[in-house]
Amino acid sequence: MCKKTDVIIAGVGQIPVDEIWEISLRSMATKAMRAAIEDADHLKPQALYVGNMLASTLSRQAHLGTLLADYSGLAGIEAETLEAGGASGGAALRQGYLAVASGLVDVALVVGVEKFTDTIGPEVESALATLADADNESIHGMTSIAQAALLARRYLYEYQLPTDGLGGFPLIAHANGMGNQNALYRNAITPDDYQRADPVCDPLKLFDVAPFADGAAALILTRRELLPKGYHYPAIHVAASTIASDTLSLADRADPLWFTAAQTSVEQAYLKAGINSQQVDLFEYHDAFSIFAALSLEAAGFASRGTSWKLAADGSIALTGQVPCATMGGLQARGNPGGATGIYQAVEATLQLRGQAGTNQIADAKIALIQSLGGPASVAVTHILAREE
Amino acid sequence: MEIARHWRLKEQRYNLVGSICPKCKRRYFPPREVCPKCGCDINTPFRFSGRGEVYSFTTIYEAPSGFDDSGPYSVALVKLEEGPLVTAQLTDLGEAKPEIGMPVEMVTRRLRSDGDERGMLIYGYKFRPMLKA
Amino acid sequence: MTENNTLLKPSRPVGIVGYGAYVPRYRLPAREVARIWTGGRTAGLPIKEKAVPGQDEDVISMSIEAARNAMKRAGIESSEVRAVWTGSESHPYAVKPTSTIIAEAIGAAPHVQAADLEFACKAGTEAIVMAMGLVGSNMAHYAVAIGMDTAQGKPGDALEYTAAAGGAAFVIGPADESLAVINASYSYVTDTPDFWRREYQRYPEHGNRFTGEPAYFKHIISAGKIMLEALGTTPGDYQWAVFHQPNTKFPQRAASLLGFAPAQIAPGLLSPVIGNTYAGAAIIGLTAILDGASPGDRILMVSFGSGAGSDAFDITVTDKLMDRRDRAPKTQEYISRRTEIDYATYTRLRGKIVMK
């Protein structure tokens, strides 16, 4: 089956994704970090890796590694921040994986945190625009939503989709969000809701765009032999960890409608884990926009070019389908907490593999594929998590 | 005040000057120093004609700061006749709705001011429907 | 001033090697201004409609396009342009010349002279006279002269009906390379306070009826008469004439007073459909004339700038016009490119809405 590695996700923690006015960034992260440590039977981390993309702009606060180690009572340990746009959380997980797999760190604490609500107004859009190409995209007033809209329009044009063709993705995401207590949105939507929603950035409408929100989630990673005595969860290991990059600017893509970085990183992950797409029991993709869900499915080999929208339309990616996606709501319903996203994906996948996903449980889930993206797959971070037999 | 960054970019912004790889002859906009295809050093400028067609477009209503007074505006990926795609706003559409495939030409317009009414003015390329067929 | 040196003639003959116009696409009908300010009174509107610049346009962006058009027609290397001079009363910067940015945008920098001019509506023809001097004295082979404006009218004021955006650019060079030779120029300037704007004021002041006889007519007629007398020509020697055109009636009356027929000024009379483009006004009329002229046609152009003064030019078209004319959009193509807007859109585009 899946190749075994030594790196175990021993503990997970998360706070509900929301517009969190009352709690500060450092406090949000600390809650998630302490929850993960407790979940790992109080394993003590030697290193902290923080996934965050915009705190230095939105909260005027850089240096998060030091700040969060200090504030959570871990002052003195190795601490740093990883940034890879929306994939910052995934990048932090990768760093934790590398540290523990190498043997140089025994217990790594990985936290993803993002706080959009510390800044209000157009400054938030311009902060997000720093994640695109400043000299060649942002100077023209490009936004992250506009990038997705450009792709969606071309995709609809080239593959002749019906106008609501991408609607299947948010429909399933919102249905799944109902069963996730930590999700931002916990109500289903109907096809009519999708059709009649307000336009945001044509052709994208309200439900094509995952809502940015605040969040914090954390993981404890360690090696199998270091798990505490009497550790009671099934051991969930990181079977593969890969990152691939593409051009930053969408205009520089050789093939704009193909997420090359996502494909490369997934294929490398399959190779490392010794599996193929057929063996994946669930896929937490980076559905920051419905078009990203479509392109991610195609890059990961679940559908051929221009056809992935049908997997959403016919329920193949629903909880009961062949390849369940966004099982806890995805970015669309759980919310898009920026740099924390990759860690939320890992937490949710771990809960699925442990059998702790409640009403959203995928029966006998053994192998989870999780992927977070920076920009329109300008960078793709893929992990395969697996439950040991 | 971001004076130096915008000053460095004026040539490519005013005149659509990119670069061409001396080895494989691929043309790039914006200009590059290393050819992504063959890895060669690139030092040769290439001036694009400014003619192209719309590859994709959208309209932005929630604009970032600096653009929030000029919305709504359209951004597009324009396929230049020499090959590369370029990100730019569409302008002077009048009553015409943008369409994929619409022939467009480069014009130099004010992109924004650097900061508020006291800041430097930043000019650069936008694309409009062709004036002369 | 003796009879021999009345006219401003350079030591080597010069002319227009290339020309180009620009008019933005938006149009505000005069009846819209009337709708807001006079309860919709349409009697006696000074023009039909005026050109309004788009959100991303200003004298710099418009001059770049006109200059590029002129360069296309001229067919010369950018590096050979040794001066760029832009006249306007709406330069985007009060300090930092429009002309430096034009020079970069047309590839003339850095071996180039550049400066901005102001003389109300004759700042563009000023630039032409200066370019004639530079080229005619053999200091340089080519100079670019531009007149362009995005004039602002005070809301509710009479001038708001007509204050418009547009203008033209000229590559001035040796006569034997020109599509139209400038035989002579003459300037008539006095200290006349018909219209002005104090520093830091947003809108100009104008002297109402004082802007007529003592200002516009005095200077245009004087310049025209003195020029024709010094040349020994009469209106019948010219196929075309163009005068500063702040509205429809003034240039028609100036033509009549000088002895020109309505047919002679017809192709250059653009203000009824684009408004008063201030420093661009007389010269954009010249571009429209050139768009349809024949080799051998003789043209009289007399500008007027408040403050006050007139520049007069005696021009003869050569056969080089035929080859070069179609290399860039004709002025009429810009004029026909038209999107009508209402007064609300106009106030937004012109920055008249108080945002803070």
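Points worth noting:
Just so it is clear, A, B and C label the chains in written order, and each chain counts residues from 1 on its own.
The definition used in the following text is that contacts are C-beta pairs under 8 Å (C-beta built on N, C-alpha and C of every residue); 3 or more make two chains touch, one makes a residue touch a chain.
Computed from a predicted model, the values in this text were never measured in an experiment.
Compare each chain's C-alpha centroid with the centroid of every protein C-alpha atom shown, and the nearest one belongs to B. Using the average of C-alpha coordinates as each chain's centre, A ends up farthest from chain C. Once the centre of each chain is set as its mean CA position, chain B and chain C turn out to be 30 Å apart. Annotation: 60 Å between the Cα-based centres of chain A and chain C. Looking at chain B, residues 70, 89, 111, 126 sit in touch with two or more other chains. Taken together, the chain B residues at the contact with chain C in this complex read 10-11, 14-15, 69-70, 89, 91-92, 94-95, 107-111, 121, 123, 126, 131-132. Listed in rising order, the residues of chain B touching chain A in the complex are 5, 9, 30, 36, 55-68, 70, 73, 75-77, 84-89, 100, 111-112, 122, 124, 126.
On the side of chain C, the complex with chain B involves touching residues 25, 54-58, 60-61, 64-65, 92-93, 101, 104-105, 107, 329, 333-334, 337, 339, 355. Listing the residues of chain A that touch chain B in their complex gives 121-123, 125-126, 128-129, 133, 135-143, 145-146, 149-151, 153-154, 157, 200-204, 247, 249-253, 256.
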